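You will see subunit A twice below: alongside subunit B first, and alongside subunit C after that.
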Partner chain A sequence: MSERTITLDALTRVEGEGTLDLTIRDGKVTQCAFRIFEPPRYFEALLRGRAASEAPDITARICGICPVAYVMSACQAIEAGWGVTVSPEIHALRRMVYCGEWIQSHVLHAAMLHAPDFLGLNDAIEIARVAPDTVRTALRLKALGSRLMEVIGGRAVHPVNTRLGGFFRAPDPAAIAALIPDLEWGVGAARSLALDFARFDFPVDNGDYLFVSLVHPETYPILEGRIGSSDGLDIPVDAFHDHFCEDQVAHSTALHGRMRDGRRYLVGPLARYANNYVQLSETAKETAALCGLDPVERNPFRSILIRMVETQYACEEALRLARGYVPPQPAAMEMRPVASVGEGCTEAPRGICHHRYRTDDSGIILEATIVPPTSQNQPQIEADLARVAQANVDLDDDALRHRCEQTIRNYDPCISCATHFLKLKVDRG
Partner chain B sequence: MASRIERLFIGVGNSLRRDDGVGPWIAEALAARGAKTLIHAGDGMALIEPFDTHSDVVVFDATQSGRAAGTITRIDAANAPVPVEIFRHSTHWIGVGEAVETARALGCLPPRLLLIGIEGQRFEPGEGLSAPVERAAQMLVDEMSA
Partner chain C sequence: MTAPLRLAVWKFASCDGCQLALLESGDLLLELAEAVEIAHFAEASSSMREGPWDLSLVEGSITTAEDIARIRHIRENSRLLVAIGACATAGGIQALRNVADAGAFAAAVYPHPEILDALETSTPVSDHVAVDLELQGCPISSAQLLEVITALLSGRKPQLPVEPVCFECKRAGHPCVLVANGTPCLGPVTTAGCGALCPAVGRGCYGCFGPLPGAVPAVLSQRLAELGLHRAELTALYRSFAAAAPANAEEAARHE
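Showing the complex of A and B:
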C-alpha cells in the first residue's frame, strides 16, 4: 500500500497560525486536518462582569483587520436587548464606516496576499516589482478605506468614536464631503483591479456549498437584514443559535461551526454574493459580468474577484452615503440598561459575525457568545482542502502543498479571530 | 505625489505587548518634545504612504534577533536592503521590513530612511518596557531630540 504524508508548516499570507496534515493512501486522501494552534483568547469569559458599554471596544480587539465588524455586532446585540433602534442617520454612518473596513480588508487580501498566488509570486514585494501600478492602486484604495475609518471612527484601526447607540461625535459634513472625490476615483479603481485579476489563470474547482449570509430585500446587506441560506433558510438574527452551533474538535483551538442538523456551511464573499446578487448595484453587476462571474460562483479560487466587486460596491455605497450625509442629532441614542438577552449579526469582510449578550438591569454582561466567521468556515475549509487535494493528488508534494495553501487563502482566514495558520503535513505512506 | 516635508519619526509596535511597544514609547516621548511623530500598529502596508510623502523618516521598531535586550541596530534603509527577519513579524504578515522593500520596489522610499531596531526581551501581553529596553529607548529619545 502506498502512503504519502504532506505537512504544511507555517502558512504565510494569512492572519494567525495553523498547520495542515494530509494523509494519502493509495492515491486517496484519507485524512485532512486543518489544525489551528493560535492560543485560545478567552474574550467571552473576560466580558463577563464588565459593563455592556465596554463590549464594542473590547471585542474590537479580537481583530486588527475587521474591528468594525465586532464593534457593530456588539452594538446591535446590546441595542436589540435593550430595545433601542438607532436613527436612520446613525445607521447610515455605521454603514459608511463599515464600507471603509470592507475596502481596507478586501484590498489588502486580494491585491497583497491572494494575487501573488495566481502570478507565481511569493509575496507583495515581488508583486510590487512585477506589477507596480496594481500595487500603487491597491495601496491608494486601502488608504481610502483607512480614511473613511479615520474620519468616522476616529482612527484607521480600532475605532474610538463608535459607541453603544451610535457615535460619540458626528463627523463634520466638510470632512465627509472631502472624501467624495477619492470615493469617485475608488469606484473605477476597484473595477479596474477586478478586471485585471479576472485575467488570472484560475484553478478549476466547484464546491458544493451551503451559502449562509445576511439577506435583505432592498440592499446588499452589511449590517442589516435576516440570516438566510441558499437552501431557503430565512430567520431573524436572534434565531441564529437555534439553527447553528459550534463544536470543539481535538485537532484545533478554533471551534467548528455547523448547522444544528450537522451540515457544514460557508460564510463570506461567495455566500453573500450568491444570496444577494440581485441587491448589488447595476454597475457592480456589470463588473461581475465582465469578470466572467455568474450570479452564483462556486469556484473558491475566484473569490478574489468577488472581493473586488464588493470593494467597488463598498466605494459606491460610501459615495452615496457621503453625498447624502446628514449629521445624526443626537450622535447616539439614549441607552438604558434592561435585563435582557440581545443578539446582533453583521457581515464582516469574511462573513457573518454573530454576537449574543445577556445583561442585567444595571448593564453588566452576565454571558457573552461570539461566533466569528472563520470558525464557521472551518469545516468547509477542511472539505475544500480534501476536495482540492484529491483532485490534485498527482502533483508532487511541493506543488500540492502550494495548492493547499492557496485553498486556505481563498478564505482570507482570520485565524486569530477564529481561535479561537499554516503547516501542511501530507502523509502518502 | 504629495509634497515631501520635515523629518517624521514613526514608532511601530503594540504597547500592550511589553517590549513590542518600544517604538510607540519613543514616538510619544519625541512628540512630547515637539517632534512630528506617528504611531503605527496596524499592517505594515500603511507605512508606505508616509514613506511616500516625507523626505526624512526614522522608524523605531522592536527586534527579536536573540541579542542582548536593549541592543540598538541602525539600518540605512534608503541605501541598503532591510534584513526582514529581525523585525518582529506583524500578526498580519506584513511587517516593517516587507513594507520598506515593497516601497523600494514601487520607487517611493524617502531619500533618508533610517530604521532603528531595539532588541526586546519580553513580548507577552502587558504594559511597560523591560529595564534595558527602556534605557536604550531613553538614550534614543535624547539623541534624536538633541
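Showing the complex of A and C:
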C-alpha cells in the first residue's frame, strides 16, 4: 500500500494564515483539511454592549482589504432594523465608494497575488522585472480604487466618512469630478489587464458549484437586491439564516458555511458573474467574451479573469455615478434607535457578507452575527482541493503542493475575515 | 557595495490593513524593492528567506501561546523590530476581551470554544519582546512607514510627530468640532499622524492613532462629561482600537 502526506505549512499571497493537510492512499485522496489558524478575535462578542453607531467602524477592522463591505453590511442591517431607507443620492455614493473597494481589492489580488501563479514567479516585484508596464498599470489602477475610497470614504483603509444613515460629509462635487479622467482611463486599463491575463495557460478544471450571490432585476448587484442561487433560491436578505448556517469544525478557527440542507455553496466573483451576467454592461460582456469567458464559468483558475471584468465594470459604474453625482442633502438620514433585529447583506469582493444585529431601544447592540465570505466558501475550497489533488495525483509533492496553493488562491481567501485559515500537509503514507 | 537591507513583514492577530500600507505605496513599492531585499512578506510573496533580518515590521497583537514563541524568534533574528499599527502597539480592538469574561466571549462566537487555542488577552508586541519603534494608527499611514524605512536606509532617526491631532487639524484649517459643535473629540489626547481625517469631515477623532504620550485624558473627559457624555460612553470612547494602551485602559476604567 502506498501512502503520501503533503503539508503546506505557510500559505503565501493570501490575506491571513492557514495550512492544508492532504492524505493520499493508493493514489486516492482520502483526506483534505484546509485549516485556518488565524487566531480568533471574537468580533461578535466584543460588539455586544457597544453602540450600534460604532458597528460600521468596529466591523471594518475585521478586514483591511474589504472594510467598505463590513461598513456597508453593518449600516444596512441596522438601518433595516430601525426602519430607515437611505435617499437615492446616499445609495449612489455608497455604491461609488464600494466600486473603489472592488477595484483596489480585485487588482491587488489578480495582478499582485494571483498572476504570479500563472507566470511561475514569486511575487509582483518579480513580474515587474519581466513585464514592468503590466505591473505599473496594475499599481495605478489599484491606486485609483484607493483614491475613490479616500475621496468618498476619507481614508483608503478603514474609512472615516461613512456612518449609519449615510456619510458625515458629502464630498465636494469638484473632488468627485476630478476622478472622472482617471476613471475613463481605468475602464480601458482594466480591459487591457483582463486581455493580458487571458493569455495565461490555465489548468483545466470544472467545479460543480452551487452559486450564491445577491441578485437584482436591474443592476449588477453590489449593495442591493435579494439573495439568489443558481438552482432557483430567491429570498430576501433577512431570510438568510433560514436557508444558510455555519458549523464549527475541529481543524479550523473559521466557521464553515453550509445550506441548511447540508449542501456546500460558492460565493464570490464566479457566483456573482454566473447569477448576474445579464446585468453586466455590454462593454464588460465584450471583454468577458474576448477573454473566452462563457456566461457561466466553472473553472475556478479563471476567476482572475472575472475579477478583471468586474474591475472594468466597477470603473464604468463609478464613472457613471461620478458623472451623475448629486451631493446628498442631508449627507446622512436621521437615525432613531428601535428595539429590533435588522439584517444587511452586500457583495464584498470575495462574496456576500451578511450581518444581523439585535439592538435595544437606546441603540445598544445586544447580539451580532456576522457571516463573512471566506467562511461560507470553506467547504467548497476543501472540495475544490480534493478534486484538484485527485486530478493531479501523479504530480510530485512539490508540484502538487503548488497546484493546491493555486487552488486556494483562486478564492482570494480573506483569512482574517474567515475567523471566526494554510499549512499543506500531504500524507501519502 | 554593502548588502541591501533585509526586510521582513510579519502578521499576528490583525486585519492585514497595516501591511497593506506597503502595497499601497504604488510605484514607490517598486523603488523600495530595488533598495531593500524583501526577505519575508508572506502576504505578497512566495519567496520566504530565513533570518537574520535587518528590519522586521510586525503587524498584529499577541493572542496565542504560539504567537509568543514566534515573536521571540523574530526578535532574536531581527536587528530592528518595528511594531506597526494599533494591534501591535496597543492590542487592537480585539483587546476588548482583556476586560471581559474571555470564556463568555469565545462562547458567543463558537459552538465549541473548548477546542480553540487562544490566550485570554490580546497584548501589544512590547509586552513580550523589546521593540525599537512603534508606528501608531488603525491603520498606519503609508507615508510614516516609508519615512521609517528610508530613515533606516540612510542611517538617520525617523521623523514622526509627537504632538496631538489638534496641531495638524489647526494647520489644515479645520474648524474645531469640539469647540464649535460640541462634538466629542479625542484629538487633544491622540497622537498626530492621520492628517486629522475625522475633523476634516466634521466628525470627532476616535483615537485610532493611540494616546499621545504625556497627555492628560482626565481633563478632556471632564469637558466631555459637561457636554453630556455618560460614564459608559466615556468608557467606550477610550476603550476602542487602542484599548490596551495604558493611558486608555486607565481612563476607561476610571469611568466604569
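Assume the second predicted complex is superposed on the first by the 428 of 429 C-alpha atoms of A that agree within 3 Å, B and C clash if a C-alpha of one lies under 4 Å from a C-alpha of the other, contacts with A are read in each partner's own complex, and residues count from 1 in each chain.
We take it that a residue touches a chain if its C-beta (ideal position, glycine included) is under 8 Å from a C-beta of that chain, and two chains touch if they have at least 3 such contacts.
Nothing here was measured: the structure is a model prediction, and the numbers come from that model.
In this overlay on subunit A, subunit B clashes with subunit C. In the superposition on chain A, no contact is made by A:R191 with either subunit B or subunit C.
When both complexes are overlaid on chain A, the residue A:R48 reaches subunit C alone and has no touch with subunit B. In the superposition on chain A, A:R403 contacts neither subunit B nor subunit C.
Contacts of A:R272 after superposition: neither subunit B nor subunit C is touched. Once chain A of one complex is fitted onto chain A of the other, the partner contacts of A:H114 are absent, as it touches neither subunit B nor subunit C. Legend: residue contacts after superposition of the two complexes on their common chain; A:N161 is shown touching subunit C, with no touch to subunit B. When the two structures are aligned on the shared chain, A:N122 is found in touch with subunit C, with no touch to subunit B. In the superposition on chain A, A:G64 contacts both subunit B and subunit C. Between subunit B and subunit C, C touches the greater number of residues of subunit A. Comparing which residues of subunit A touch subunit B with which touch subunit C, the overlap comprises 12-16, 64-65, 108, 112-113, 123-125, 128, 135-136, 139, 142-143, 146, 156-157, 416. Those residues of subunit C lying in contact with subunit A across their complex are 11-21, 23-24, 26-27, 29-30, 33, 38, 41-48, 63-64, 67, 92-94, 96-97, 100, 104-106, 108-112, 115-118, 122, 138-139, 194, 197-198, 200-203, 206, 208, 233, 236, 240-241. On the subunit A side of its complex with subunit B, the touching residues are 12-16, 64-65, 108, 112-113, 123-125, 128-129, 132, 135-136, 139, 142-143, 146, 156-157, 416. Those residues of subunit B whose C-beta lies close enough to touch subunit A in the complex are 41-43, 45-46, 48-49, 91-94, 98, 101-102, 105-107.
The part of subunit A that touches subunit C in the complex is made up of residues 10-17, 38-46, 48, 50-51, 54, 57-58, 61-65, 67, 108, 112-113, 116, 122-125, 128, 135-136, 139-140, 142-143, 146, 154-158, 160-161, 163, 167-169, 247-248, 250, 253, 255, 405, 416, 420.
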